[in-house]
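Please go over the structures that come below.
Both of the next two complexes hold subunit A, though its partner changes from subunit B to subunit C.
Moving on to the complex of A and B:
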């Protein structure tokens, strides 16, 4: 690090200038050179050398998510994810955490509808540790009733924390169940309490065998290593884990929606009404998906967005409005959520949302809106390229979702290829009454109980 | 105005932050939140741009622009980030909102209405309620007792008050600009000069010095219950006053906290979650300012195990106080802290934050260079000493937010109970009738 103290002249008289330099020499966003290898047991390994910082990130993405769950076992994919931290043949329960953290790293695991991933970032000299820990649990997960019960409790608390004890939590789950017909997406990732209670050790064993095979996973490694050496290590630890037959594919067909769906949720934890409107949309990495991203940015990203200006600033009907287009392997959705100001009518908010949406169908969006959406997308992408972990996660996701790790190098081109006319076209194609699902939350607060007054 | 530039050329982005060395601690007592409101209103209109124009221009650049100040902060932070190709126009808007805000009356009225609604929303969040009550319990009348300004204060503050605060405090001699990113000093020096070179004080007077009020003497241990009907979990927050940022106990406390509650490898997590299955998350945390900060432990547990969770908290608090930590646990914690410190340095904002902390607290110049040695020097005896001092059971303030009809008798086992509703009103018979805060 170089530090220079300078004194600027002129108008800045008296200013003290400290000047530091850190990091690698100038290096622009450039093509990510990855090596794509498949081991004999079916494990796909993608590696990216990056010597800009002495760290390494490893992600293991398994081709399984809540969409693979069956009726009566909702929440299982995520519950299983928790089991992956409870030990394996050579790693004690909870030791995974301790090993990663005491070696200066960070780690986590996440489950969504379409995939489950596990990842860690460590100082580069701990690459062996990262590979060993991931391989050991892929090979020899410790499955006991005690561990299952323990994590069942932890997951049920996660559900209470994120949904049952939160305002609008019930509404989010209700929306998911109403929006989809195909069971794959027609339930929450966290699952129901009953189904979590029903999960057995036998379920865990079967799930492990079926989905946690090397042939159903992608290992991505990004960081400060030599590719050949890293591959030798990956082969050493993962190479003799036996492959398994491919798991059954999930039918993701979603029947066409013919009419608007809506419901009202009374929420004892909410203080203000809220409305969420969701439109079924296209799977990710399609031209319509990228057009809907631009549309969503115009509609609801930032203070300049049409909904924010109209609902928050002009009409003062809501205190906030936000939303996004969800990227899924199957049918995605565009979500809009607005939380009202006190004393306003939900009907007025809803009518205004539709009015703004109609404007997108009639006229092309303005040049500045178009520019905004594209710049926001590019900035977000560039930021995500900044650290090795996000790159590892994205490579894993693109491989499992689309069998296309190279999407990391082309995704921004696909956004750039969207034309203004495409935005109007997808507005007309997807944002229609018959294609929407509406959930309105009305507060129904309980009074502080008289019973507590002694 | 002082300038800090940190070159970072890995990706073509930048982040800049103007630190104005006045914040919530400069609020007049009858106008708590004034610094925060002033900061939030900066982007709602300038002599050159309307609120809408600022929003559009910032968003078109793919940039972000935000400002804020805490109620007990000694500074206000305005930050912007974006693509380096848009550095010039972003800097222009950034300097405009810092130098020329006009706080339009209609925007101020709109801001007040939606802020009141946002505060309503926050009151439905149990963690907010726990934090709010805990700060009151720990700080009494100190500005840090408040995490949300009183609604009265928001209603009373006028546009003139905002203008006045801005004039008094947003002065070049009271500010420091820090920039990190894919820029070179050579390239931006002239631009910064153009944006801020002729920035002059609007009142020709010095900035009123920020008075740092000392934290109060800790009160006796007490239980605060907040009734949130329909809750299925109890949100627990336990702790008391900790240290100032420059206290010599900083490093021993850092290590002690890591062992007790700093993350998934810590005792609280391994016990309450991994062993007992009471919770999804549990841990402990401390912070220090120019006045004493707090040390707190926290968790959300299902209502039925509130008693068990309280028991385990107490077991762990007593254990860290009464029994010296084993060498391996100590070494693991120190290695983890040193390792994660190195990782922070890989993040540009993290490095910049370290530089700013150094300046704000006037820490020794080699503070960060010697950070690993400072951690390494902590002994098991140090850990026990600070545990006894800061895991202070005689003054432990305990807040529980949940279904009081189910947890009151459980909590009463741990001390005298004060009862509140979710609006902050004391509702037990012993409290003043209908007393509102």
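Moving on to the complex of A and C:
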């Protein structure tokens, strides 16, 4: 009875909320006041006081990702991320985990094409600990052959787990290689087994010296502290780390694609055919990028999206369709992936995808689709900003990507500024046959059966 | 024990309400932004074999939290 009442009350409240928000001007999102400081060694420090909860989040974003890797050393940026947990002058191997977990915190690190970050959230009275742990490994990482071999094997296992032994894993890697011409994005972040085996201690040392310098990093602190006191602590621990010359800039030039690219992957782990269509797009934080976000949401976000309605519900050709617009510092891409229903033809699915795309080029999208996409973006952004760690990570990313931490306060304005005509314009500009790369994955059942039998 | 179960159930229902109102699709509106590897799961990182140098500045005081007045 209580549950029924609760649901009814919630449902009515929701209906009223939707009624009043439809067409109403959106309220401004709460501004994030930050202080932007640069230490004498070049380390940029962004601080945001937030006393709503007694926690602090710290993120260190390094201006290095797999785009900085050279041929023969793919996977190195991610391998290096692992090395950062193996100890430093004043922190023993594995001690980072112990100190964070036993003091009520959480932490991790991630690597993508364009940056590497490390972060932790701790109770507010452990601010010194967080800053100390990050500063010590920036200053004096312990680089040994034993640590390298250990983490090389850990990364190789990650590759087996997440790529080599996953259905469609090979297809994702194949797509990246086919989609891009510039080596920066033409290889996977996880790297190849051969290249991971080839990494040497000397490589690690050079990489550390070149990219893990204060002038190539941004520290972002969000949480329950006083800014002046926090900055004193940051200077105390990071201030004497010597600066380094700037690393070489990466040439991100991507030649214009002149014709469709296509390949087929036979996958012994796949049970159903799958098709991925990728269109080269624009770098992040451009007006076209935000218009493509709305376009992508209209096409493939949620059950009411055009592709889901057409492919899943109406024609019953696929069991799922999803995709996204990748935000990159260089050329991004819009991806559409559909996994077929048993017995359906890839050709029929592909033709339907293009048919839906063509409709977006000819007619403006409906008001409700437009508003839904903008609402979803706004909702997702506000929700993620509730978390101090997400704010720290986004501030770091916007600073490293665009030299613009204030983007956190304007990003949703840029989404709101997209017009329906922009959506049609970018559909015509980017979603063309000559600009697309198609990877079809077909199950290789005989081999799979043989593998199971072994 | 029973109180805990009812509390859990109520919380679950409350968590479901936004999804019912705004659709499951909305809850999944934060798509990935690249094909990079997912973050390494370090949440269950074993502390076995860790070397504690003991130089990290750990605050031994209990954090005292002032809750806002109702």
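Quick note on the criterion: the second predicted complex is superposed on the first by the 416 of 454 C-alpha atoms of A that agree within 3 Å, B and C clash if a C-alpha of one lies under 4 Å from a C-alpha of the other, contacts with A are read in each partner's own complex, and residues count from 1 in each chain.
Note that in this section contacts are C-beta pairs under 8 Å (C-beta built on N, C-alpha and C of every residue); 3 or more make two chains touch, one makes a residue touch a chain.
Computed from a predicted structure; not experimentally measured.
When the shared chain is aligned, subunit B and subunit C each come close enough to touch A:379.
Contacts of A:268 after superposition: subunit B is touched, whereas subunit C is not reached. Using the contact criterion defined above for the overlaid structures, shared-chain residue A:192 touches neither subunit B nor subunit C, since it reaches no partner. Contact with subunit B, but none with subunit C, is seen for A:312 once the two complexes are overlaid on the shared chain. When the shared chain is aligned, subunit B and subunit C each come close enough to touch A:98.
Contacts of A:387 after superposition: subunit B is touched, whereas subunit C is not reached. Once the two complexes are overlaid on the shared chain, A:304 sits against subunit B and subunit C alike. Between subunit B and subunit C, it is B that contacts the larger number of residues in subunit A. In the overlay built on the shared chain, the residue A:176 is in contact with subunit C alone; subunit B does not reach it.
Applying the stated contact rule after C-alpha superposition, one finds that A:287 touches neither subunit B nor subunit C.
In the superposition on chain A, the residues of subunit A contacting both subunit B and subunit C are 6, 10-11, 14, 17-18, 93-94, 97-98, 101, 103, 106, 123, 158, 301-305, 376-377, 379.
Residues 9-10, 13-14, 17, 20-26, 28-40, 42-43, 45, 47, 49-53, 55-59, 61, 63, 65 of subunit C touch subunit A in their complex.
Note for the complex: subunit A touches subunit C at residues 2-3, 6-7, 10-11, 14, 17-18, 54, 66, 78, 81-82, 85, 87, 90-95, 97-99, 101, 103, 106-113, 123-126, 128-129, 132-133, 158, 162-163, 172, 175-176, 188-190, 296-297, 301-305, 322-324, 326-328, 376-377, 379-380, 384. Across the interface of their complex, subunit B is touched by residues 4, 6, 8, 10-12, 14-29, 52-53, 55, 93-94, 97-98, 101-106, 121, 123, 149-158, 160-161, 164-167, 268-272, 301-305, 308-309, 312-313, 316, 319-320, 339-342, 368, 371-372, 374-379, 382-383, 385-387, 445-449, 451-454 of subunit A.
Put simply, subunit B touches subunit A in their complex at residues 1-13, 43, 51-52, 55-56, 58-63, 82-83, 86, 110, 113-114, 116-118, 120-121, 123-126, 173, 182, 185, 189, 192-193, 196-199, 227-233, 263-265, 269-270, 273-281, 300-302, 332-333, 335-336, 338-340, 342-343, 346-348, 351, 355, 404-405, 408, 419, 421-422, 427-429.
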